[in-house]
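So that you can tell them apart, the chains are marked A, B, C, D and E in the order they are listed, and the count of residues begins at 1 in each.
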Amino acid sequence: MTVSALAFADSTVETFDDIRTARDKPGAVWVRASDATAAELEHVADVFDIHHLSVEDIRNDVRPKAEMFDDYTFVLLKTATLVPEDTTFREEIDIESVGLFIGEDWLVSLSEHDIDAVGRIWQAALDGDQRILRGPDFIVYRICDGLVDGFFDVLDQIEAQIETVEDAVITDTSIETLESINNLRRELLSFRKLVWPTREAVATLARGDPEEVRPETEKYFRDVYDHLFQLVDLTETYRELASGARDIYLNSLSVSTNEVMKKLTVVATIVLPLTFVVGLYGMNFRNSPYNIPEFGWTYGYPAVMVGMLSVTLILLVYFRKMEWL
Amino acid sequence: MTVSALAFADSTVETFDDIRTARDKPGAVWVRASDATAAELEHVADVFDIHHLSVEDIRNDVRPKAEMFDDYTFVLLKTATLVPEDTTFREEIDIESVGLFIGEDWLVSLSEHDIDAVGRIWQAALDGDQRILRGPDFIVYRICDGLVDGFFDVLDQIEAQIETVEDAVITDTSIETLESINNLRRELLSFRKLVWPTREAVATLARGDPEEVRPETEKYFRDVYDHLFQLVDLTETYRELASGARDIYLNSLSVSTNEVMKKLTVVATIVLPLTFVVGLYGMNFRNSPYNIPEFGWTYGYPAVMVGMLSVTLILLVYFRKMEWL
Amino acid sequence: MTVSALAFADSTVETFDDIRTARDKPGAVWVRASDATAAELEHVADVFDIHHLSVEDIRNDVRPKAEMFDDYTFVLLKTATLVPEDTTFREEIDIESVGLFIGEDWLVSLSEHDIDAVGRIWQAALDGDQRILRGPDFIVYRICDGLVDGFFDVLDQIEAQIETVEDAVITDTSIETLESINNLRRELLSFRKLVWPTREAVATLARGDPEEVRPETEKYFRDVYDHLFQLVDLTETYRELASGARDIYLNSLSVSTNEVMKKLTVVATIVLPLTFVVGLYGMNFRNSPYNIPEFGWTYGYPAVMVGMLSVTLILLVYFRKMEWL
Amino acid sequence: MTVSALAFADSTVETFDDIRTARDKPGAVWVRASDATAAELEHVADVFDIHHLSVEDIRNDVRPKAEMFDDYTFVLLKTATLVPEDTTFREEIDIESVGLFIGEDWLVSLSEHDIDAVGRIWQAALDGDQRILRGPDFIVYRICDGLVDGFFDVLDQIEAQIETVEDAVITDTSIETLESINNLRRELLSFRKLVWPTREAVATLARGDPEEVRPETEKYFRDVYDHLFQLVDLTETYRELASGARDIYLNSLSVSTNEVMKKLTVVATIVLPLTFVVGLYGMNFRNSPYNIPEFGWTYGYPAVMVGMLSVTLILLVYFRKMEWL
Amino acid sequence: MTVSALAFADSTVETFDDIRTARDKPGAVWVRASDATAAELEHVADVFDIHHLSVEDIRNDVRPKAEMFDDYTFVLLKTATLVPEDTTFREEIDIESVGLFIGEDWLVSLSEHDIDAVGRIWQAALDGDQRILRGPDFIVYRICDGLVDGFFDVLDQIEAQIETVEDAVITDTSIETLESINNLRRELLSFRKLVWPTREAVATLARGDPEEVRPETEKYFRDVYDHLFQLVDLTETYRELASGARDIYLNSLSVSTNEVMKKLTVVATIVLPLTFVVGLYGMNFRNSPYNIPEFGWTYGYPAVMVGMLSVTLILLVYFRKMEWL
């Protein structure tokens, strides 16, 4: 576990007692616990009187949300990363939870694993970034902003895949193409399930419902909210694109079957009658006086050949005109 | 019938008069009736002035709900178990109703059959679990929590079936595959019909609308509410997955038809012209001076054979290039 | 027309003047007019100062609703019966309107035809059923309850038809199957259009919005409301089942086409090459020194026969392995 | 332009000055301008201080609406007529706007063309229909009622077309059938776009939001509202019917393709093997000692014929049993 | 960058200091910055105490919105132009952002590029158009109105494309047709995403929520709102038309496949039996006493020919009657 307590504009501390000390000191404090076990998370929570159900929410697969308690506001957020699955060619969205507890003059961020977006803000705070040191609510804004940037990265990758699939659908009618479209739709579904409640949670902060969010910070959350709205829009657009790609795929299959049928019909329509004709002249009516008269003609064989050739040419022209060839 | 009355932190009682006694004693009491006939349920209801319509709701197939009455709050919940149907390969969701009547200092739980989730809390209460003995509203929370755990079990089984079906759709184009997808969709439909109103009922408790729910218990119901939200999300996801599997199934059928058509066309395109050629040399123009000239050639037969072989090879190469073979 | 006036706990009266007398007597009165012409309905309405637009609503095809007027509440309800259509095999839902006007101490029920559900309550009132004599609002509850029972009967019949259709879709690919599924969907659509507004109307009564509904009757209307919710749920489920049956139908058609294509391809792939071979040995190169060598072999004919048989067997084994046979 | 001013229970006037005079006289006045140019509409509007944007709304294709201004309420309504299109077989819904401005004691109705429904009320008012002379709001009700009757006429025609199409879909698989279904869906779409906002506008009047609508007129608007609700319901039903017809159409095409494939397979399966057999006996192994033995049989030819006939009959029975014939 | 400041009814100024001067002068001022870099936009924003997040919104792809700040209201709008894409035949909707900041007596319009609709109002203001000089809110109305006119232009072009596609779907079954339908749906999707939030933003102004919008201007915004509603309606209609065109396309493909299959079946059904017959008379049973009896007939050959001709004619009549030809 990495627990770090940062008294604003102050030194860094490392043990539980230090956290308690930092908490009691005048001025704001940010305590960040990542890569932590259940017991360690509970321990940090106890110091700040955080309800154990909230800590459990971080470990379970609970939707992003903003929940107001008497002494603090609990914001549960999620990161998203697109990772290739181990055994198959499919990708999946990897999701990590981070819980932010915003008090009057303190902020506790808890997560089971180390979250990049949080770490970067932490480092900036350590480096004395004055903008961050404005207060716990502003740090929460910065973290939200970082997570949303991560969402955009995921959508960019999904967009690239959609473009690949859109090129593939016309030429490749194998079932794998449909599977990858299906997988894209699945990813977008998961992503939407992530973005929608995040947007709701941020809306709560943007409206300034929790008293821990100061009026001057609301407009920053409104900005994050706008970005989340845009993510929802993009997700819907990509879902439509994936549906469109699927339609074209299914259709190019129908076009292909139609083309195959036309080819078969062309071959059969040309060759079958010719086979009938040559079969005709293979009949054994040689002893009958009314035998096949062409056998008696001088130019019988050439006439039959010319006849068959003519029929073939006429049919070819006809099929060409029908655009079957 | 099993009727049991549990005066909190007190002894267990077993008859109707005991219930009346337990009710009148100071302190909270939990009366639990399971595996009961209609008459027995009515009898228990009379002791606590419970409206007979509510008791009928438990026996009929009424949606989960939370209803506030003057003296008590009525919470109707349902358990879900996935059971294989007797005659066919289909599964169905088996549903049991449990009615919870929450009074100021009493709790009555009524059900036609014994409900596992309720029995377990009952046992814990008998064993003196102090957390449960906090009050009737906390017991209701524990029961809700147990039922929701049961919902997750059902969804886990459905997920396993979806994975089986997802593997089947590509290889097995028999109509049974579609029927099992259809059955999955039916189960998910039933399940959603169960989870949605349960979520609404729990939301009523989480908002603390009934005065029998104390403020400190609300956050526990909020936790159950979050889990129910997650169940709704999962149900939607699984419905999408089932739809996706169905699309792939329908499509692999189209791909199969397309492949069959290609094979037929390949065979017909190669063999039909050859049959025409051999028919040609079976014609009986033997007496004509302009007879089939190849008959007069020394290498007539080998030439024809080589010609046919060449055409066959060229067509095979062409079809291979078209990826029809 | 049958107009009957029932002074509560009193005698039955039969003429318009009697109605007026009954209305003015102390105590509640229920006036019931069924199988009535427009003029007769208007006449009864005049006695109770009922607005003529409401009476017109009963005769026109207006949605069920509850509307509050100054002196009374107007509840328009509908009965549903499934009747076979005259000329075709299709069924249709037959709908009758009944208008209930609830005053302080009177109830007027108007309908163009005799409504069973109303008649039964009327008879029970005549027989002195004390529960019914509680007041006009309770009679309205009983009528609602009776109509909803009729809705359940209709749904039961629809369910039976769905089960028939579900069995039919796999074996019978004739267009009639799809038509009967379509007809079921149409019935469910009509039914939903009936149940939804009825639920809304009953919700108005269950909330106790009209002052004519006494608080102690509200819970009875809540019970009817729950049943209507259940009807809506069932209707949705049956719609999904009908859609599922339709999908399976459409698909078993695709499976059938696929199977037919496979059979054709098998026949063509086996027979066409054999026909080519026998055509080959029917060629007339008899005079060429490089004539078909097999003609010179002692075992030429048996060898050809064995060759053809082998190819046929190999192809049969191949198709069997491909599960085309 | 036809501008007519009708002082209630008074004489008819014809010029702009007369309008001004009529407006200033005690008692209510109805000014009706139809078949008017933009300038003329503006002129009338000026007399009553009507905002020019509202007048523009009448000329532009703005949705039906009820808008409250300081001195008057503006109700924009639309008529609907089904007209055959000039060049093709398609019909289209012809829509005309009529603007109603309801003041305390005046009503101005403006339209670019003469509206039948308005003209009829106007005539009735001239004829001294006392019901109409109740006030401007009642005239508006009568106009709404007339327009809604026109909507029902349109829906009746659409219903007749749907019935025609429903009969056509099974027998006629030409693409024109789908086009006419598509056209019906387009009409219903336009119609719904017309009815929905009209319903909203009338709802505003039925709730009595504008003070120009007196309480005793509200119930009349509620009646119109109910009719509009019914129109919305019918539109949805017809949309479903059109979708159902489309499904049956698409399916009867699939059934047809399936039937054609079966016929082809039957012909090929019966004739191809027979052709192989006769080809077999056309082989030239005459000089081989192990020649085709049947040639040596006395009954060789009849035996072959009987064999082929038997195979044909067996196959016919088989296909009959498979219901392919 | 072009920054222009317009003191109402005053001269035009061109530098940052001039802006400051213009701002401080009594009377309203409009500052317009277009074709500006980020730094330049920030600079103008500073003069009016505009929040930097709003300026960033103009540069990022944020949805249209109206946001109220303490001292001003921020309205973010977008223009739409249909431009052909560079590399392919597809079109795309080109979108430009313009930010309007409405203060008590000032208006700042910021955009990265020069916006035509804004430029035209600017020119009219310079030319002393008195209507525009009514105040900042009226200028905003004029700009909104101009942008909405641009939206109508885009929709007109899309409508023209839909008509082209509707003609194409029946004759042209190539996959490009589906791609262009898909592209149309994509454009309409983008367009809807543009119009919906614009409508919401204008609704905020039409309701007069921001105090910078005077009551007398509200009705103008209501007019723009009505036009945006109409745009939304049209977009939905065009989406339905595009879907209808797609259905017809997919179906004309099925009709085509059905026709091809019928042709193949007709050819096979006529020619295959004839080929069998001529093969029959090619058999070599010449030495058998029960040889093919027709060989012994005088009119054997003509009889066979007549028989084959009859069968062919009967089949042709049959297929013609079945409408397969």
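Basically, contacts are C-beta pairs under 8 Å (C-beta built on N, C-alpha and C of every residue); 3 or more make two chains touch, one makes a residue touch a chain.
Small disclaimer: the values here were computed from a predicted structure and weren't measured.
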Fill in the blank from the handout: Touching chain C and chain E alike are D
Fill in the blank from the handout: Rotating chain D so its CA atoms sit on chain E gives an angle in degrees, to the nearest 5, of 70
Fill in the blank from the handout: Rounded to the nearest Å, the gap separating the Cα centres of chain A and chain D is 40
Fill in the blank from the handout: Note: chain B sits from chain A at a C-alpha centroid distance in Å of 25
Practice task
Among the residues of chain D, pick out those that touch two or more other chains and give their numbers.
Solution key: 254, 257, 261, 264, 268, 272, 275, 279, 282-284, 292
Completion exercise
Seen from chain E, its contact residues with chain D in the complex are 170, 219-220, 222-223, 226-227, 229-230, 233, 237, 240-241, 244, 247-248, 251-252, 254-255, 257-258, 261-262, 264-265, 268-269, 272-273, 275-276, 279-280, 282-285, 287-292, 324
Practice task
Would you mind writing out the residues of chain B in touch with chain C in their complex?
Solution key: 51, 53, 56-57, 60-63, 65, 67, 69, 173-175, 178-179, 182, 185-186, 189-190, 193, 246, 250, 253-254, 256-257, 260-261, 263-264, 267-268, 271-272, 274-275, 278-279, 281-284, 286, 292, 294-302, 304
